[in-house]
Amino acid sequence: MTTLRDTTTLADTRERPPIERYQGLRMFMANKAAVLGAILLGVILIISYILPLFITTDKLAYVASRHTPPLTEGGPILGTDYLGRDVALIVMHGGSTTLEVAGFAALLIIFVGATIGAFAGYYGGMVDRVLMKVTEFFQVLPGLLFALVVVALFGASTATIVIAIGIVSWPPIARQTRSEFMKQKGLEYVKAAKAIGASNARIILRTILPNTFPILIVQSTLTMGAAILFEAGLAFLGLGDPNNLSWGYYVGLNRQYFLTNWWAVSIPGFMVFLTVLSLSLIGDGLQDAINPKLRGR
Amino acid sequence: MSKYLLETEGLTKTFPLADGSSVHAVENVSIQVNHSETLAIVGESGCGKSTLANLVCRLLDPTSGRVKLNGEDITSLNTTAMRPYRREMQMIFQDPYASLDPRRTVGDSVSEPLLIHGQAKRGAELQDRVASLFSKVGLQEDDMERFPHQFSGGQRQRVCIARALTLAPKLVIADESVSALDVSVQAQVINLMMDLQDEMKLSYLFITHDLAVVERMAHRVAVMYLGQVVEIGPRAAVFENPTHSYTRKLLDAAPIADPRQRRERPLLTGEIPSPRWPKGEAPQLVNLVEVGDGHLVAKE
Amino acid sequence: MDQPLLSVRNLTVKFGEFKAIDGLSFDLYPGKTLAVVGESGSGKSVTALSIMRLVELGTRAKVAEGEVLLRRDDGSTIDLLKQSERAMRSIRGNDISMVFQEPLTSLNPVYTTGDQVIETIRQHRKTTRRDAAKRALEMFEKVRIPRPDKVMQDYPHQLSGGMRQRVMIAMALSCDPRLLIADEPTTALDVTIQAQMLGLMKSLQQETGAAVMLITHDMGVVAEVADDMVVMRNSKFVESGSVYDIFEKPGAAYTRALLASVPRLGSMKGKTEPERFDLVDREGM
Amino acid sequence: MLAIATKIGESLLLILAVLVFNFVLVYIAPGSVIDALSAGSLGDASEAQIEAVRERLGLDKSFFGQLFMYLGNVLQGDFGYSPIGNRPVVEMIAPRIFPTLLLAFSALTFAVTIGIAIGTAAARRPDSFLSSGLTVFALIGFAMPVFWTGILLILVFGVWLDWLPVAGMNDLRMSSRAGFFERAVDTAEHLILPTVSLGVIFLATYARLARASMMEVLQSDYIRTARAKGLHESKVLFKHGLRNGIIPIITVLGLEFGILLSGAILVETVFAWPGLGRLAFEAVLNRDTNVLLAILTMVSVTVILANLLTDIVYRLVDPRIRTGGRA
């Protein structure tokens, strides 16, 4: 073996970078905006899920005179709404409704989109053409309007809302997964796997899918954000559960009083904004952290 | 044992296009590769040399014709039936970056063939086998834990060579495997391939456009033009007595890295013809005749 | 010997802390072909862009020091590194023009080839569009494009690689530059097309008297067309001299190692078995 | 030309698919139109009366019978009758189309022009504050719920600063004899806040897209060629860069038209803009399914046509598509 080395390793013994471990996590942590997003999301989750366990007062009770502005002495910290209810309390309880609807919708979207995209991208040909026509069809449906129709026809339950959001929101994920699969499929490392004798299933699951994960994960955070906005829009138009006042629904309820009571509309809206922003920041940070080519720059 | 390690018989691949025309990428190619021999396939873009590599490696299904490995017909085997033959035959690609899974350590990529073929289990033994492969191709042992992007082009190509050799194949198909490398690295990788050939009794099907490299490392040469082999024979015969007009044109065109051998270039304009044929038309098949010992040339 | 047309003196270009070119000097004489040779990462392409003063546009690069002296027709010299952007624009494409490696991506995909050549001519010559079109047609004929009037109406993607590169050359020579910088002009082309292109460039050079600075990694191309050569490695100057001298008796150890790894067509005459490269140990150079 | 004809054919098929899909939705929905009718104007109608309505609406026919009747009606411009508006649906929808399109195009123009301008400027200096700020700005823009932005804009510019009108398309006090020009100016003033609140989400997206696209274009070889020719930087940027840089934006434009019109529903509701979106909101409140379905159809057709249009524009801009065969 020594003879081999003498003739072959000369120019290639340049210094190698250190072996990397947890570098993705470190890249993420170095992205201040992404860390901020993660902290923000943590706080929102605590407010929506942990705090309500300790505060058991009836959220719909009358606590102070109607339209008490925030920070008024004797009134609740974020003021009261048009019925004299505590805005802070209602907003605190509203988070879980929004997050659950959006979470289920996002799961549905990712699952349907990724599956259809993977099939179309990997198999190509006729399968691809048919699936892409179907995708195109769902993409031209104006999302919110379609959801309005579905919810109006089938009633405003959590399930219908989740399905309505899901039906119109999967096409972009499908397109992206498809193009990623097509791109990866053509790369030589996939050919190499075939040449080694790997089966189709192994290639899809062990070779291509891990390489599309980063994109899917980033897309999930963005999809989750979009689903929250979608739910908020629907609820704002009055299509939500009147017993679980989600943030969007609560903005809708308070809308007609906004000239006198600006806080009851702005605060729940602001919560929607913050939640979506935190998810987008995380997604943006992940996008950089997960790309091995950007690592170690 | 069969006389030839690899044999193709009338191998043909046609890609139909949407408008009814079709690309005749490989047309009636019959070649043989002996044991411990390098057969170089040379030609310009569109001549079908890469398609031929993919057909031999069964990454593409031929339109017609046969591929035989050790005398056994492997043309119509499915993925599972093909697996034992894959141990005998491996491929190295042009772009050493794209041919490694970016999300896996190179050690993982090199050990994957052993796992797929059930020749090893995860653990110390596998580690050792991969480590010895790494040192065989001139890499360090702790390189196993690195990712492809942490290597230079030449090092990545060494990793690819290590992966191709894990199953101790008899035939390695190298598709433009040294073309993307800097010239000094290219020379080292070629030396490595030749060392490995001696040590492991390998045969290479070496696909390239670079005539100077071919002259250096091939035992036999096949020249492809528009999907067909127009000249094939021992390297010395083809280079010193090029008989087909296309072979001569190629050799005349190749620049020689020696200023004393400068030639006048005639002012020509010409294009490389396309292997795409309109509907209903097909290329005329060439007829190979022997002009010397094992030196066959298409009649013109 | 003539005065040099272009003199590069101690040129240093930095990308942040990294020196992409470190103290490079060489001369280029009128009517001659100078090859700048090196492997990837040697800084040869950055050299070309620095002379054109294009390296700082849209990148983090900075020309840190040095001079690039261009001799004008009246015998005076100007330092290109000290010229205003406005003055540089009148030099680019006019006194010095460039041809790149990838003819497909180097031509704008949304305009016809004719339009792109006409644009160059009208940028530097005060002519009507019609006269510029006539000149463009002449140039297309000069680079031996068959059916030039038709090709002028074509978009780049409709042409073959060789035709595209002919269009690039027509464009580069349309304003009679005194220096043509060709950055790997034949690397993306097939060997028979490369041969045509080398022949064409040689004959056009004799016809126009332009100097050529040829940037390449291909020793075969250097040996074939260059008069002089500069060898670069890892951003640094290694050696320069006439092509004959360096191929015959390379002065630097690196050049020797590089030439040893270049396969020379015809060197295997009379041998039947393959032969390994006789590599020189480059460790510690 | 053939390609465009195919596209038109495909668009027509898509429209048909949308109609069938709409019909199927109504068909499988529990409660159907009759319930809505009973809850609405029919009040406590007798069995016989309901049966008569069923027959008039063709609800006694088979699935396909009903489908063809529905398609036939729609093709003749008959979207049914609105019991709440007490008028044919078509009459309710027709006057609402122009305001919605006006709002949509105004928001789109706002987002595209300013977005491309910001994106291009950021692409030229990738390390600048503008460029890094653009990412944050894009994330913020994306995260703002449209209705919330709308309300905030009304509070700030309409109420506290009192600079701009906040509701409707024209001032109610405007005399009916006001000239066209006077009206147009008034409408433009009313259009500003809705345009901004709808446009801002897309502004962020397009700016980011334009930056990514222009950064790629500006690093391309043909830009280097253009500079090496001695062209002025403005010519390099606008003639050679932008023409290529807008190609990906055009594609997205068509695809996102549906999202734009969805956003318009919320904006119209907030600003009392007399368009299809506000009508949809009212229809939801009144459970006026016929109107909702008709609006869904109209808007889907608009999105399909918008996609067709972008496809044609795309062909005009990119000769690689037009002259066949992408190299």
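Order of writing sets the chain letters: A, B, C and D. Residues in each chain are counted from 1.
To be clear about the criterion, contacts are C-beta pairs under 8 Å (C-beta built on N, C-alpha and C of every residue); 3 or more make two chains touch, one makes a residue touch a chain.
Fair warning: this is a prediction, and the values are worked out from it, not measured in the lab.
Note on connectivity: the fewest steps through touching chains from chain C to chain D is 1. Among the remaining chains, those touching chain A and also chain C are B, D. Once CA atoms are averaged chain by chain and compared with the all-protein CA average, the nearest chain turns out to be A. The centroid of the Cα atoms in chain A and the matching centroid in chain B are 46 Å apart. Rounded to a whole number, the gap between the C-alpha centres of chain A and chain D is 23 angstrom. For the pair chain B and chain D, the distance between mean C-alpha positions equals 54 Å. Averaging Cα coordinates per chain places chain B and chain C 32 Å apart.
The set of chain C residues touching two or more other chains comprises 276, 279, 282.
For chain B, the set of residues that touch two or more other chains comprises 184-185, 188, 191, 195.
Each of the following residues of chain A touches two or more other chains: 7, 10-11.
Within the complex formed with chain C, the chain B residues making contact are 38, 44-45, 182-188, 190-191, 194-195, 209-213, 215-219, 234-236, 239-240, 249-263, 265-272. Against chain A, the residues of chain B that register as touching in their complex are 54, 57, 59, 79-80, 82-83, 86-87, 90-91, 93-95, 98-103, 109, 112-113, 116-117, 135-138, 140, 142-143, 145-147, 149-152, 154-155, 158, 160, 163, 184-185, 188-189, 191-192, 195.
On the side of chain C, the complex with chain B involves touching residues 39-40, 144-146, 160, 162-163, 190-196, 198-200, 202-203, 217-224, 243-244, 247, 257-277, 279, 282.
By the touch criterion stated above, chain D contacts chain A in their complex at residues 14, 17-18, 21-22, 25-26, 29-31, 135-136, 139-140, 142-148, 151-152, 154-155, 159, 255, 258-259, 261-263, 265-266, 269-270, 280-281, 283-285, 287, 289, 292-293, 295-296, 299-300, 303-304, 307.
Residue ranges on chain A touching chain B, taken from their complex, read 1, 3-5, 7-12, 14, 16-17, 19-20, 187-189, 191-200, 202, 207, 210-211, 292-293, 295-296.
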